[in-house]
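Okay, so subunit A shows up in both of these, paired with subunit B first and subunit C after.
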Partner chain A sequence: MTALSPTPSKKYDLSFARWVYDNVDGGDRLALCMQCGTCSGSCPIGTQMDHGPRKLFMMIRAGMKEAVLTSNTLWNCVSCYNCVVRCPRKVPVAYILHDLATVAVREGYAEARNSDNARFAKAFWWSAAKYGRTDERLVTGKYYFSFGMAEGYKRGMANLPIALGMIKTKRMHLGMPHACKNTGELHKVLAKAAEIEARDHGKQG
Partner chain B sequence: MTKTMSYYPGCSSQASAVHLDTSLRAVMGKLGVQLRDVEDWNCCGASVGHIEGGHLGQAALSGRNLANAQAAGGEDFVTPCAACYLNSHYTNEKIRENPTLKAQVNEALAEAGKSYDGGLHVRHACEVIVNDIGVDKVKEQVTNPLTGMKMAGWVGCQTVRPFANTERGGTWETYDDPSFLDDFIAACGAEAVPFKGKTKCCGGSVSVMSPDKTLHLMKDILDEVKASGAEAVVTPCPLCQTNLEMYQPQINKAFGTDFNYPVLFYSQVMAVAFGLEGKTDAALHQHLIPPEALLSKAK
Partner chain C sequence: MTERKTGIYLCSGCGIGESVDVALLEGVAKKEFKLDSRTHACLCGDEGVAMIRADIEAGVNQVAIAACSARVMTDRFGFEPIQVLRADLREKVTWSHAPNHEDTQALAEDAVRMVLTQAGKVKAPEPYVEGEWSSRILVMGGGVTGLEAALQSAALGHEVLLLEKSDRLGGRALDASKRLPYRPPYAQPEVNDIAGLVARVGAESKISARLGCTVTQTSGMPGRFMVNLSDGSVETVGAIVVATGWRPYDASKLGHLGYGASPDVVTGVELEAMLKAGKVARKSNGAPVKSVAFVQCAGSRDPDHLPYCSSVCCASSLKQALELIEAEPDTNAYVVYQEMRTPGVMEELYRTAQSAGVIFMKGKVKTVGADLTVTVADELIGEDVPLAGLDMVVLATGMVPNSTNPDQPAPETGAEQLAGDVDPEAPFPVAGYCGDAPPAHAKREQAVPEGGSLLNLQYRQGPHLPVLHDGFADSHYICFPYETRRTGIYTAGPVRRPMDWAEAAEDASGAVLKAVQAVRSASAGAALHPRVGDLSYPKINLNQCTKCKRCTVECPFGAIDEDEQTYPIVNSTRCRRCGTCMGACPVRTISFDNYSVDMLSSMIKSVKIPDEFSGKPRILIMACENDAIPALDMAGIKRNQWSAHVRVVPVRCLGSVSLLCISDALSVGYDGVMMMGCKPGDDYQCHFVKGSAMAAERLSKVGETLKSMMLEPERVTQAEASIADADRLPKVIDAFVEQITAIGFNPFKGF
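Coming up: the complex of A and B.
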């Protein structure tokens, strides 16, 4: 998915919508959306989204690429999958939102890159790819300090009672991160996966 | 009688949900299932891996775990974690259905001399208890029934959504009103109170990164716990357990409430009911809101 999606030249230009149908996970069912709103109505955090999935899907068809890829609807998804199991047209709503979030980050939109979710994802992937395991301490710390030293310190202090409780109950360890034995092998597999994704964009499942 | 299954504990088993891993291993041993750890397992990417790692990077993570499990033999890949279940199941299904993704994942795995053909069944530990072991067998193991205890069975999201009905022809649970957790609680001798928050969402990873957005979701769940009259919450999900437990002080501060509910894993409840050791088997000492006093009351 390294190819940039097309920017529609006029309203209701379907070039972006067609690109989403072909390139986004679950996008092949997006055209079946009948705008019933079951997704937005089922969303536990729908009232905190600027658009919600129903409207966002119409915006895709309306050619509003920039408004779609800068929308907080992509970032506020809590991955509860209510929308996926309830959609009467079997549109995999959450999967589409997740993949659109990936597109928004790759295409460099500031709203996307600066979102809490993208910052957290960066810290998370760093740990998962480097060690083969998620180190909750390091991921949280890295995420907090992605906002800068002052904000990182503030967030760290706000959650210090939780961290101390987790250490006391042996749910957070001190010392080296947990890691796979064969991290070298994992690094090779992930590097190849990135290479294939760049090579075969538009041909994924 | 003992059946061996590949077991993928997931990253939280070494940190925030170590008490799930400890208690599940103890309980499964009593129930006749031998859990054999997937060799050198790695993270599944959880809810956010795709954003940095891409679609295929995320699939490759699960692909390596599935390949390692398949190489060890057997046909079941069991995990206790909702997110691990979701990602492993999703990748497995995609590999079965989509020849392009199957070829791509295998091309990446070939870098490590590994391959995976989609042949394993990805299963949630609760589903194994329901379908392979049976709730009756759980009941047979109970020597210390938790009589008189009221518990709210909180299933959460990803344990049943979206995959509960798709593997094995929909033989285990429904999306909005699953009964398995209440059945587990009742089998252990406790009362599974009617609980309206059963499949409500705690905010998942958004609660970890931006609790200001989701404290109200957890407050809603705790309100339902209070309305149900339960003394404790029981859940199968590692992140649900951590979120609902660790944020209670912040919720109380934000909303002026006084919640202090222990949040237990079903496997801990079973371990106690089976008469297993409270610390080494049930891991009851690893809670921010200690459940021991409450559980001893039931004895």
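Coming up: the complex of A and C.
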């Protein structure tokens, strides 16, 4: 069971900030953000974001839930951790963005679910969770075909020369996907984690 | 009176002997003043001091010392009750001018001439100590500040009369819930222990408290104020501590922030009372408050309301938000601020509030609707954000000082005193700036405090305590906090500047120490700040007085009243001994035992003026003892050099300089005169408030006179000096010397 963040329909939702403080990974530290902007200034791809982290955090306080959860900021973060290292208030900025991305997906924000990064992340996670390893062919395949059969085929063919080159230089293998030693144990670990997450968020809700 | 017997002592130590010929200085004393001087290589050493003491035992009753600056070695060269006069041969002569140069030698010789001339014109002051003196301290106001002041005064052994306008002691703290943090780690609201404070005051036998009592009239002076009370009694007290506190800004003027539109828009003071009562609920329907927005700077830092920051509203709102969250952890508390101002350790409370989940929004509130929707122009997002669905809006209103009694009508006289002492519309530059001042801010308007006077002073200059900007009663909150412009009356707490409980308690100690000093000095006839311990006081020869009233009007402290025949009467313990009256008097009939127009003029005239063929100008600097002289001393200590053609005469305040001194200087052949003193004006640094402003005003009228004498008006100027100007002043002096040299010599030279 997952607690939903409050009233998704309102543009300004007064209780959103407190919900984020209480429910999002690192949200308790977010309460200490003093809007200095060191995170946005340190971000190597700030220009590729709808809003820098500083502004996004202020939008959370203003209760602009929809604008926050549809923002590409959540997906474009490259996890360089400059912001986390430099934040004078020890706000784990990247963690918060990642967890907000999870919230966005969970709550069904279409833009979030359909963004490039979300599709790739999903494909990546599928492989990692299933095999304990990421398999280049399966991850890219899963990612490409998430756009549909025709689009997947087109993208795959466009990258065929690269794939062949990689096989030739033994950067990519043919055959069964690699897997970690005991995938059964891995699946148990992940199931337990999911159970804990559901329980904790359930308690908050 | 015993015959004056002056001893002159020269010191050749600290480089003086290597730089000037001390034997020639001895010659000046011998030839021109018929005095045998004694020289010592280390006059301040035991041997030198013993030499002077031996002479005093042998009959010397006035000591003139030509050595270091008068500001140093005062303990070594203090021979009470023998009068000691000092001439500076060190800082302002040998350390700041070329050694073994004829101009430096001339400078040193003139220093000896000036001090020996001065010696002939002064006597040791006899203090005014007649009559009975009271050591009782009147504390006005029974709030935190007043209670603390009463306790502190009693602890110092003084009887205290504690007046409280209402019928209970405790003041505004009685209606407050918790108090702001005041002890480490300064992170949590603290218990409000006002009842304990009131009990401690009640248990103190030296304090007699009168409830429901105000002052109807105050006359007299420090040491013997006669205070008429509203209960009909008349009490004599030695000093007065005004701790009348504050009142919240009138929220009914804040319609633009929704006050009055909904009962759920309340002020911080109203919420505080609800917290104190233990029940916070919506006034409209009694429902609990789940979601609340605090609007900071409600009517503060707003030119249409209070132009200033009250400094405690931010912390108060933080505290209230924390109290609400503590009572109900799910409470959604928004604080809408322009700048969060949590001075000092109050930052810790801010952090606590952040950690507790209080939500902060930076921006101006544009509107507050009747449905409690607060629209914020959010500066950090860059758009208008509506906060809808709130249960309560709290306006953090500012503090208005009780410099007047708002319950009483304004008296017929004195309103102009509140409005006129500081021009409310005067542009004011950035305060506390040394050197070239940055451009002034735009003019701002300021309301005159409304209501009756607190003390109803029976002073020539009106019933009110003069106020500074924004209606706070003080005289200079950086340099002389607690002092009002009425000697012996001190302000403490929020009537002086906005502050919280802990600061007010500290403020009370400061004001009490001042009041105790006032009481003790009054009975000894000694002056208070800044001429602490000065026993002289102005004496007026009424036979020559023309009743022009300039002294009674210009005294910065209202020390001089008028009798039935409009002759001036000096209230000696109200006087701070600046001599502004002396400088004002057109017939020069005001003087001190040790300071007079005659003394200054004689010192000025004692200098040897070289003739025009020498090519050496002579320039007079009348320098204020408070800032200009110490700055020049420091310039000497830093070995900064300046022209040897100037002669510096220290004065108590530029306000004490009579225009006669200037005309005397020009008539004996000085080529230029510079008045060097503190910054006048609204952000004055004058230690006597208005002295340098008075000097500037008088000087503005000198130009015409100079023209009629066929002299260039540029020969006389006023220069601003601050204590930090050690590097700047030598340049100012040299530039003036250059300017005067360019104008040419004074045509009166040699006549």
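In this text, the second predicted complex is superposed on the first by the 192 of 205 C-alpha atoms of A that agree within 3 Å, B and C clash if a C-alpha of one lies under 4 Å from a C-alpha of the other, contacts with A are read in each partner's own complex, and residues count from 1 in each chain.
The rule is short, and it goes like this: a contact is a pair of C-beta atoms (placed from the backbone, for glycine too) under 8 Å apart; a residue touches a chain by one contact, two chains touch by 3 or more.
Treat the numbers as computed from the prediction; the structure is a model and nothing was measured.
Asker: Evaluate whether subunit B and subunit C can sit on subunit A together after superposition, giving fit or clash.
Answerer: They fit: once the shared chain is superposed, the two partners occupy separate space.
Asker: Given the touch rule stated above, what does A:138 touch, subunit B (first), subunit C (second), both, or neither?
Answerer: neither
Asker: Considering only touches as defined above, state whether A:45 meets subunit B (first), subunit C (second), both or neither.
Answerer: In the superposition, A:45 touches subunit B alone.
Asker: Going by the contact rule stated at the top, is it subunit B or subunit C that touches a larger number of residues on subunit A?
Answerer: B
Asker: For A:76, is the partner it touches subunit B (first), subunit C (second), both, or none of the two (neither)?
Answerer: Only subunit B is touched by A:76; subunit C is not.
Asker: With subunit A at the apex, figure out the C-alpha centre angle toward subunit B and subunit C and round it to a multiple of 10 degrees.
Answerer: In the superposed arrangement it comes to 90 degrees.
Asker: Of the partners subunit B and subunit C, which touch A:21 in the superposed model: first, second, both, neither?
Answerer: Touch status of A:21: second partner only.
Asker: Quick one: classify A:178 as touching subunit B (first), subunit C (second), both or neither.
Answerer: Once the two structures are laid over each other on A, A:178 reaches subunit B alone.
Asker: What does the superposition give for the shortest Cα distance from subunit B to subunit C, in Å?
Answerer: Minimum over all C-alpha pairs: 18 Å.
Asker: Return the residues of subunit A at which the contacts from subunit B and from subunit C coincide.
Answerer: The answer is that subunit A has no such residue.
Asker: What does subunit A use to touch subunit B in their complex?
Answerer: 1, 25, 44-45, 48, 76-82, 84-86, 92, 98-99, 101-102, 105, 116-122, 124-129, 132-137, 140, 143, 161-162, 165-166, 169-173, 178, 180-182, 185-186, 188-194, 196-197, 200, 203-205
Asker: Across the complex, what residues on subunit A touch subunit C?
Answerer: Residues of subunit A touching subunit C: 12, 14-15, 17-18, 21-22, 28, 31-32, 34-35, 54-55, 58-59, 61-64.
Asker: Which positions of subunit B touch subunit A when the two form their complex?
Answerer: 11-12, 14-19, 40-43, 45-57, 59-61, 63-64, 86, 94, 97-98, 100-101, 104-105, 107-112, 114, 157-158, 161-162, 175, 200-201, 203-210, 213-214, 217, 242, 246, 249, 285-288
Asker: Going by the contact rule set out above, which residues of subunit C touch subunit A in the complex?
Answerer: 291, 330, 332, 334, 351, 354-362, 376, 378, 380-381, 385-390
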